[in-house]
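Right after this note come the structures.
Each of the next two complexes has subunit A plus one other chain: subunit B in the first, subunit C in the second.
Entry: the complex of A and B
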């Protein structure tokens, strides 16, 4: 009730909590602490960044997309081409990857402003397929179905060479993830981010209070495309390779899955989802290489039936369902 | 503008919103037929009429959801007939909804901070924190106080009691700093226990805001309105002050039956 308590409530959600600091410190230390697992740490960081970019449009703006791989692929190919033909510096390549994906996102944002969720879903799917076919047909540039080979990366900041064990790669990806995460955190906690949530919750009213809905959606979509481009660029740079696989439909579907596992509308959903998804994939496919998707599928069904809230609280499984309080965010 | 009116006191105030000869046809059906309506500075103007009279269509025409077949809408001297809904909002015409249109996952504080930020030109700022601006927070505090929402400001909107949600519905509109406010049945569906709080809040809305009230509740209409327009079958049947309307034989004919007693009772009571 006091005058000063109110702004604190709004600003409190912006403050970094202790577990966040611990989490990021642990993540940045992991390539050294778990040096034999640096490759998978790198993969997790890339998927987490990709899922984070989808969360900006799916979780915070309410745009359903099955073609988010279009921007991932755009980032991957442009970073790879830039390294091969122009200069091998990773950070400049990263900027180029983000830039092209952002431009593509801005162009595609025109397509998502009309229609229902279903039509938007189809349009995003279509854009993804078109880009894959383009990359396939423009083989003089992209290498077509063989992929773009022979991409040599220079050292990060001119000092840290990518090593065979993937330690530098993992560290590089984690740093980019952290930078994008910090920016995204700012973005969704701003007045701009609040208007996006308003559009997600009630588009009619958002319009009725004077929010320019179309342009806000366009900006959100463009920003998310840029972040997806960063993830794609990371993949190309750390693997030294770009193939049609980056545009594949399963990539868009997987990232949606990752976000569903981790939870939408909560930036850590992408990080948590990527961690669980990748570790499960790694663990199960070691045991049963052909049928790991079965177990992922089963996990999803259980997740949906039991609910994420209860799944992470095993002690509530057998007690009465009376104290169901939501508080993930 | 040139319509003759008998009430000099009202005519003295300048016209803020003027609908001139509005016609809306849906195929062969004329939903709005040559409606002319003037709203004066600081007006407390009620729009009444039986179901199907075209009240909702008229609201949609004024706010820009529908484009009129013919006619003009003038807001503070400027023709806004061709403007999009959000452009009209920026020029100061804001509406509330008969069925709550709220942001369910935001708290009242977040909702109002978002709306106030948007209307102080901060809506495009992505680097600043929501709530970092002192003026925004002060305005939010005023609004929360004014609409009795202070104690629930940190709860998600979807868990609020219906009366509180109804208050927030109006608070959002007022946070847009309207010069013209269109209230669409503000007390519809509010349980008796929460009604008084809402009626008082509506009565205490800022005097300089011109209000057009669409309402079925005759208690509210006659306690609130200084001027009334009766709409029947898409046409303005008559316009006048509450006493004239209550005693108008034509209006009585329209509201014949139980509503007739209600009209007179409300006017005298």
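Entry: the complex of A and C
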């Protein structure tokens, strides 16, 4: 009796709140309401999806990765190549992009099992660099440093053509983001997701209560890779272009920043971070197009020195600093 | 073939000098410092600017680069790095990436994004060749100079680390910070001086390498991975580990780029991943130290 009458925390955290519904409705309406900004809405959706995928491994599983762009780029290139050589349908291309990135993630998940944070950092970074070299050197396939050009996308679902103003692209990206988000929400809210959090908090104890740590890490990494592949595929499809830039180190660093701005270990963190980051990037690069990385760097330094939990939660600025390690860390 | 080996050794020695500071600070403070390359860049730019604008001779620029980068490292350690020692690794990574971005953009702003050229003095420009045929050994004088300087530094470092009082304090602090502090070692002072010297060495490496590696604002990002490979593969508990790792990396990189230019960087990165998956703590780990 006493056990049954307690609200199930796991179930309660999975329930959709009213503000989430409102938020998504607003997001889906935004390309129509702000039609002149549809391009940036599209970019925000892509970055949000990418940050969401990083959150699965960084926020929920505790793997520090500096090479997440590997999967992003894999998704982008495979979606672009598929559209160019096989068929231009976006949804099939999306599935291909997710598929290849997932396979790559499954292969790479063996490399992140052992060692310290530093080892994982190095290995993930190395995978990203290897893929970038591959894309650079296989120029007969990828166009090398010039990028893969001439990708023509068909209409979404056979009806909606991508237009110049990016409205369709924004809707398409937002829908994919929503689908992945719902799936990711199920994923991290499930008992499986709870075991991931247990691994993040204390791997030794998680092992001691019988959680198969290695396979859980592998699955989480693979899933995150697939989601990152979806983000990459979105970028390639909506821009009709894939270049080496998708594998660049700064993309991995940026997405980490995005996630940290919004809050780690919270699925909306990626979305909020993407919104803030893109608007900030747009604003700063309007003022100083060449040196905006300086301000991003300054922002990062200040963010860490002030404490990232405090910066994203303004109501803690003036209260005493009691719970320093609280939040998502 | 011997020439490639020679160039590889020179390159590896250079990488060692660049990365040894990182190895020590990482082992000492368990701090993942991705901004180490920025100090090397500072040293490189000090040399380039002193030589170009003020006409200071090359040999005088090297100590200037060491001192400049070391001072900067000391100041930053005291002001920015110290509060972060006990933060999670994610914070440290973010912080040091931020610092690197700032360094890259500032140098771009103040000096410009073009690659800087170092005018080497005449006596370093030549090249000596020994033997002939497949076993010919061609030694660029500058590379010979690099090897000599780096070898001298390595011996000096090894001596300081193993024979002096400061060295034993440093090793004690690396092994167990709390016990070392309990024994009356001023760990903060050890940290500060080690960080400053490590940054200074990076600056010196940057100055020496300005000609070989090329000096432009993206230097810290381009070579960050190399420094980290040296540290991750070599381990952080001694300086012989990073030295061997740096030599291995230098030779593998030069040989890879020479024999199979199409695969270039793959060899290095794949080798690193294989080694790290095989031995996650690095190839040359001393038993008994703190993990």
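Definition applied: the second predicted complex is superposed on the first by the 284 of 329 C-alpha atoms of A that agree within 3 Å, B and C clash if a C-alpha of one lies under 4 Å from a C-alpha of the other, contacts with A are read in each partner's own complex, and residues count from 1 in each chain.
One rule holds in what follows: contacts are C-beta pairs under 8 Å (C-beta built on N, C-alpha and C of every residue); 3 or more make two chains touch, one makes a residue touch a chain.
Just so it is clear, the model here is predicted, and its values are computed rather than measured.
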| item | value |
| --- | --- |
| Partner chain(s) touched by A:212 [first = subunit B, second = subunit C, both, neither] | first |
| Partner chain in contact with A:194 - subunit B first, subunit C second, else both or neither | first |
| Which superposed partner A:149 touches (first subunit B, second subunit C, both, neither) | neither |
| Touching partner for A:202 - first (subunit B), second (subunit C), both, neither | first |
| Touching partner for A:35 - first (subunit B), second (subunit C), both, neither | neither |
| Per-residue touch tally on subunit A - higher for subunit B or for subunit C | C |
| Contacts of A:14 with subunit B and subunit C, given as first, second, both or neither | first |
| Contact residues common to both interfaces of subunit A (with subunit B and with subunit C) | none |
| Complex contacts: residues of subunit B adjacent to subunit A | 63, 85-86, 89-90, 94-95, 97, 101-106, 109-111, 113-115, 117-119, 122-132, 134, 137, 140-141, 144, 150, 153-154, 172-173, 175-176 |
| Touching residues (chain side subunit A, partner subunit B) in the complex | 1, 3, 6-7, 9-11, 14, 186-187, 189-195, 197-198, 201-202, 204-213, 265 |
| Contacting residues of subunit A [partner subunit C, same complex] | 58, 64, 66, 110-111, 114-119, 121-123, 125-127, 129-130, 133-134, 137, 249-250, 253, 256-257, 260, 264, 290-294, 296-301, 303-305, 308, 329 |
| In the complex with subunit A, residue positions of subunit C that touch it | 26, 32, 80, 83-84, 87-95, 97-106, 108-109, 221, 225, 228-229, 231-232, 262-266, 269-270, 272-273, 276-277, 280-281, 291 |
